[in-house]
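There are structures below to look over.
Heads up, the next two complexes both have chain A, just with different partners, chain B and then chain C.
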Partner chain A sequence: MTAGLMPAPPLLAVDDLHVDFSTRNGIVKAVRGVSLNVAEGETLGVVGESGSGKSVTAFAVTRLLEASGRITGGHIRFRGQDITRASSSQLRSLHGAAVSMIFQNPRAALNPIRTVGLQLADAINAHEQVSAGEGRRRALELLKSVLIRDPEQRLDAYPHELSGGMCQRVMIAMAIAGKPSLLIADEPTTGLDVTTQKTVMDLVARIITERGMSMILITHDLGLAARYCQRVMVMEQGKVVEEATPRTLFSQPAHPYTKRLVAASPTATSTIADLAPGEGVNPRATRAGDDTDSKPTPGTPPLLEVQNLVKRYDRGVVAVDDVSFQIAAGESLGLVGESGSGKSTISRLVCRLIDASEGQILFDGQSIGGQPARSFHASPVRKDIQIVFQDPTESLNPRYNAFECIAHPLRRLLAMKDGAALTARVRECATRTGLPLDLLERFPHQLSGGQKARVGIARAIACRPRLLILDEPTAALDVSVQAIILQLLDSLRRQDGLSLLFVSHDLNVVRMMCERIVVLRLGKIVEIGSNETIFRDASNPYTRELIDAVLNISDHRQG
Partner chain B sequence: MTFLGSSATLRHTVWVLRGNPVTAVAAAGAFILCLLAIIGPSIVPYDPIASNVANALKPPSAQHWAGTDQLGRDVFSRLVVAARLDLAIALSAVSLSFAMGAVIGAICGYMGGRIDRYVGRFVDILMAFPLFVLAMAMVAALGNRVENIVIATAIINLPFYIRFARAEVNVRRNAGWVEAARASGDSHLSVILRFLLPNVLPAMAVQVSLNLGWAILNAAGLSFIGLGVKPPTPEWGIMVAEGARFIATGKWWLVAFPGLALMLTVLCFNLLGDGLRDILDPRMRT
Partner chain C sequence: MKLGATATRAGRRFISSLPALFGVVVFTFLLMRVLPGDPAVFFASGPQAGPEEIAMIRKQMGLDKPVPQQLLLYLGDLSQGNLGRSLTTGQPVLADLRNRLPASLELTLTALLIALLTAVPLGIAAALRPGSAVDHLVRFICALGVCVPTFVSGLLLIYVFYYLLGLAPDPTGRIDIFLSQPPRITGFLLIDFALAGDWEGWSAAARQLVLPALTMALFVVAPLARMTRASMLASLGSDFIRTAKSLGLSSRKIIVTYALRNAILPVLTIAGIVFSTMLGANVLVEKVFSWPGVASYALDALLSSDYAPVQGFVLLMAAIFVFVNLTVDVLYGIADPRVSVE
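Moving on, here comes the complex of A and B:
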């Protein structure tokens, strides 16, 4: 298994690969001279942020580039054979049988109108002719090897009847159907819950070892790479900047970019200030909870109080089931849970975008649950409760430029008229969120993910709210951008005495941002407690499981 | 509003037209048509209604570019003058169904529920009829007037706009920016009118352009069967209808030129559609 026993020609050798994309704005050099080797039985991690060219490299290796992409230089050798210019018939025998891929979003990669068994049989049939009965038998075997529950029943299931984790297991089964020697996994667990991520990755690692396969694991998650790879390659802007074992790479990063990336990745002990040292955005950032003035004064009513909240949908689905919690003025409360836990529904209930079926919402001692969401836009407390959404792209009107996006709530909620005061306030919000003023004229599609996130935050703080709801505010962002956005949110909170309701699936992030944490599962509160209690001695087994599933870059794989 | 300056819009338009010369040709054609509709009657060489039986049924010549008809009227002059009426009918019918369809469809798509179901069934019923027959019935019932042609054409086009706007709004109703607008103090109605409609208009502009050609054909068709504009008013449909009697005797120009005018007009608007979407959509700008 170790690189030392590697036979003379590596399984895959990529030498000085260049890939260009022709776009409306000319040629984009996505990959600029990447060289890599994968030995038999080895797992190579490729990490980098969006736009680093890590996925393009993988697609180029399997020759699955879209039409606008072109390999302009370099060589790809598989078992010593040059496949850089292989014909499509040569490639067909290569795909699946020698190299196979698993992707992000497994549900989209499966055909929605064919059963799992038939799709697996198709994958087998692509390499050898087998009878229908034999195909079914082999499909069942594959499902058993990916440890899916009730494999016999799953054979006749359609993709929509399976959970995301099960779909990814089916994808893995399809990927190993042709007994390939190399598996390329492109962000295989992005979008899966943390506990599912761990079981799926453990499964992949086991299959790789059992079958003596090699793997290229492409991920933005350093923790994942640290845990499952023997060697990790860091890419930035189409180039490899550093390559080492996870232990060396993450304990003594050599390249400045790797240093930044490692620092920005939240760990079990990091603080907000650690994430991006020297960014200068936030001189006052401290560890959450250190600040004395954010502690609730006894006797004052909480800013937000939620009592026995229930949200029922048609057909008897209960998204939120008897949830109660409080947020003091200036406090930051974390709402943690996996998909289906009801955390996003709670954030929308509290933001009064949807109506609760039962229960009370008190804001500043006043019941605000009585006014229907339909007319809540006219409520005097509308400006006091604002929200930042998960996907920064999705949360900005494509026809408004950044200025209009930020100015809109000022016009609606504070009745500000166009003029110097409005412009000044918009510019102030942009400055506070670190958005360069010359970007205010730009439309969302002309901004980067981090810039869009800043516009979203600037819009939410424009009316000086007292409670800010953050619904997975950094889930769609790269780690280095996440670090800066988290610092920004933390400093805004401290400067304005904002209360935060921080919704996230990322426990490390919640630990840094919040004083108290609510753990949710299937719409119910599992545990509620202070940051320290939850992380140090969680009483509930589910909370424990969530905490243990977090992959940290300090968990290097041994051997 | 500090939207992109007009110079940026202009630059983008030029960029789209250069990348897509067919759109440029279609746009030029549409421009010429509109110009003729405005100034046509004052530049034509002959009076389009004045008959001169001595000069009847002359083939195309230097004096009469498109020949003369059975009453000796200049076909070319009639063609040019007819552009105003045909375009006016089509434009007003399409704007009417566009405005109503977009609003009704957007409300259905955003609200869902009972309103959506009722409007949806009404649209289904409307579409269960052969649309041209429906238009015929409406004009026959309401009376043979230009306003009624406009109304009939607008009503038979309405289902397409309702369905289109409904579908486009429906996919956007749960977008983050819609929720953000609600959190910014917008009512549901304001979200529909100020956020959703502007976002679906570019896609609908394509529909409008395709529909314009179709509306012209519809108006011409109604006139052709005698249910629309009355002779002697110059109108392409009537001209084709009147000329059809003479085609057997080899007087081809009576039918060919109005037919050609109709065909080119419809073609122009259809080709314009796609280019229009590229011009109107801010995401196509870089």
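Moving on, here comes the complex of A and C:
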């Protein structure tokens, strides 16, 4: 970067870093010999899946590891100064003023019972003494620099009164309060809406450039890294496996892990089969909509018909506002929209977990809205409509092992008794979802995220439902696991002629999985149309905005 | 707007607690009637009193009427603020309670203050270094405080500080009988002495108060310290503390302004519960130190089958419980901006 004769030392130089965690099950080596450099003004991306050690590396660099983590080897130099063993007072003067961080889950990262203005003033006060009035004035300036709406009012707001995106802006404002030269962003947009993700990242990138700062962007999202970083480092199991410019990395990945990761990331053109080549469950799993056998025969009534559905909550909140759509037998319908769009509420209404305020839900031509949600478990239709929940951990009973989880609906809904038939059925479901049979004895906490997702799917298909509702089924999973789960769902659907109601915020995933798409905003349908129409020529500006906000690595992939 | 919301919530809570208060009144009334022991027999002139005399006393007390009618009469009296008359003291129960409640409140409040001033720092110290010697020491103190019953620790304190060291005055009530009482304004001796400007009397009253208050405090340090430790640990482990560290805030600011203010909310709830419990359960301490409080008054009345004081006492306790909960609610609403949203 610097064109002088004497190359200046990099802003941050990490050399052969090792970090250990002492856990109940012994020492875990989380980072095993990571070296990295960040030059002045440079943005380095660190990508990898959960457990790759990318966040631990960041927390080790800033010396914010939790008590059980320890740096066991290597050096961290900031502007040439070794800070590996820096004292806490040295660290205090570095934190915020030289290196600062922004975090995943911005709302939790802010003090819930202190106003935004005071927290910003705290961040300023940490490195220079300013009066309360001056602190407030500077806090307002910072809020303006992160382009928050109505900055004056936000000064006296508490974090719970702000949206996730606004909380992240406040966090960014706090991070730049001490005028640091390096910003470490740890999954800064995870959990935010797609359009918010883009505006927040654009803001960060602009601030970095304007202030001549460097950044380390830690993310699991290759699209994000491709767009905002000059250099990208791929980590796997505590080690750096590859490092290159985004263009090289995504067009010619050298390491097999990078290849898998790049393949598994959904893009604007990828198909289900592309995601994990060689691991395809069904060779016929190609692009959704290509298949003719899943097209409904004209004239048959739709499997599910939703008419003028309304869901009102107390205090006049209308979560779902006059929504109507149909799903044919064997069809896959996607519900997309940002948080607050009502997509999860619709999935719960259709699954009859909650009652609608108005409107009709017809299943197989027969109204199922009449029976209250509280007693719907006794309805004969219950076994025909099943749901897979977003969080694979929270949605499994921690006291049931995998076998019991899958057997539960069989016992309750099909009144199956313990015995060979039940065991055979559970094992069949496990096999179909790719869950190794020896894992059936395990409890949820002994399973990985992907395995838990499989248990959740196996449980949902145990009663051979005709409509499967998928509420963000892969949102909590790593991309490589997501790829396999998506393939699994797609093949199950094709084999059983299942209808899917697929709720997701990820447009690329919905595009691959669904033939028709419903775009929701604030409880209303914005647009409804086939996969191709929506993606090729969306008529609605909101839909357009959603599609444009998706960060793709495909530009780089095609070189 | 914020305060208005808090007031509305407090008002709603108060109204919703009225049925519970009513239930307590009826339940205590019936319970007293079910308990063995006939007050008429108890208050008859002597063991040789004839059945006529007992029947007359019974009639005087209205005990010859059917229980439902007695209940209605009692409720009617209550609605006029008449809690009945104590047969043991011969005074109206309301007057008795009014005389004795300040003694109990003064003792309990002092004990709670001592307990909080000890427990919160101990809890913080333990949470800052979990697993360290400090943590284990705090755990030991807490276990000790809970294990030793108050009448034992009270006697122990009297033995050491009064009998062995002679530091404390004799454990006979709120004030030395030879000292003159301050003019009664609030009933709290410390406050009344201070208002009268009698500092000698104030320190005498304070010296009387120390041992019983310590005895009670010892017993409740444990729940408060454990709760402080647990919520402080949770608070210190939360994301916003990590944020504060990443911004280079001073450790005082992090511990006090960020961690403690968040951690104190559950401690507040526990303190409210502990206070209500102490007020009713401090009868042992009152007995050991001859403290003229409401709890020992109620116990004496119970032992002599004196209905009215016991009913009055239970009603008072229930009302205080409601009041304390309301106060905690309001404080919570002020301390935590998220509460009013719900």
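Here, the second predicted complex is superposed on the first by the 546 of 559 C-alpha atoms of A that agree within 3 Å, B and C clash if a C-alpha of one lies under 4 Å from a C-alpha of the other, contacts with A are read in each partner's own complex, and residues count from 1 in each chain.
The rule we apply is simple: a residue touches a chain if its C-beta (ideal position, glycine included) is under 8 Å from a C-beta of that chain, and two chains touch if they have at least 3 such contacts.
Just so it is clear, the structure is predicted and the values come from calculations on it, not from any experiment.
Look at A:149: by the touch rule set out above, it reaches neither chain B nor chain C. Using the contact criterion defined above for the overlaid structures, shared-chain residue A:114 touches chain C, although it does not reach chain B. By the document's definition of touching, neither partner reaches A:315: not chain B, not chain C. In the superposition on chain A, contact of A:536 is made with neither chain B nor chain C. With both structures placed on the common chain, the touch criterion links A:100 to chain C but leaves chain B unconnected.
By the touch criterion defined above, A:174 reaches chain C but does not reach chain B. By the touch criterion defined above, A:382 reaches chain B but does not reach chain C.
Shared-chain residue A:126: touches chain C; no touch with chain B. On the side of chain A, the complex with chain B involves touching residues 24-25, 348, 351, 353, 373-375, 377-378, 382-383, 385-387, 389-391, 394-399, 401, 403-404, 408-409, 412-413, 441, 443, 445-446, 456, 459-460.
Within the complex formed with chain A, the residues of chain C that make contact are 237-240, 242-251, 253, 257-258, 261-262, 335-338, 341. If you check the complex, the residues on chain B that touch chain A are 1-4, 175-177, 179-188, 190, 195, 198-199, 282-283, 285-286.
Those residues of chain A lying in contact with chain C across their complex are 62, 64, 66, 88, 91-97, 100-101, 103, 105, 108-114, 122-123, 126-127, 158, 160, 171, 174-175, 177-178.
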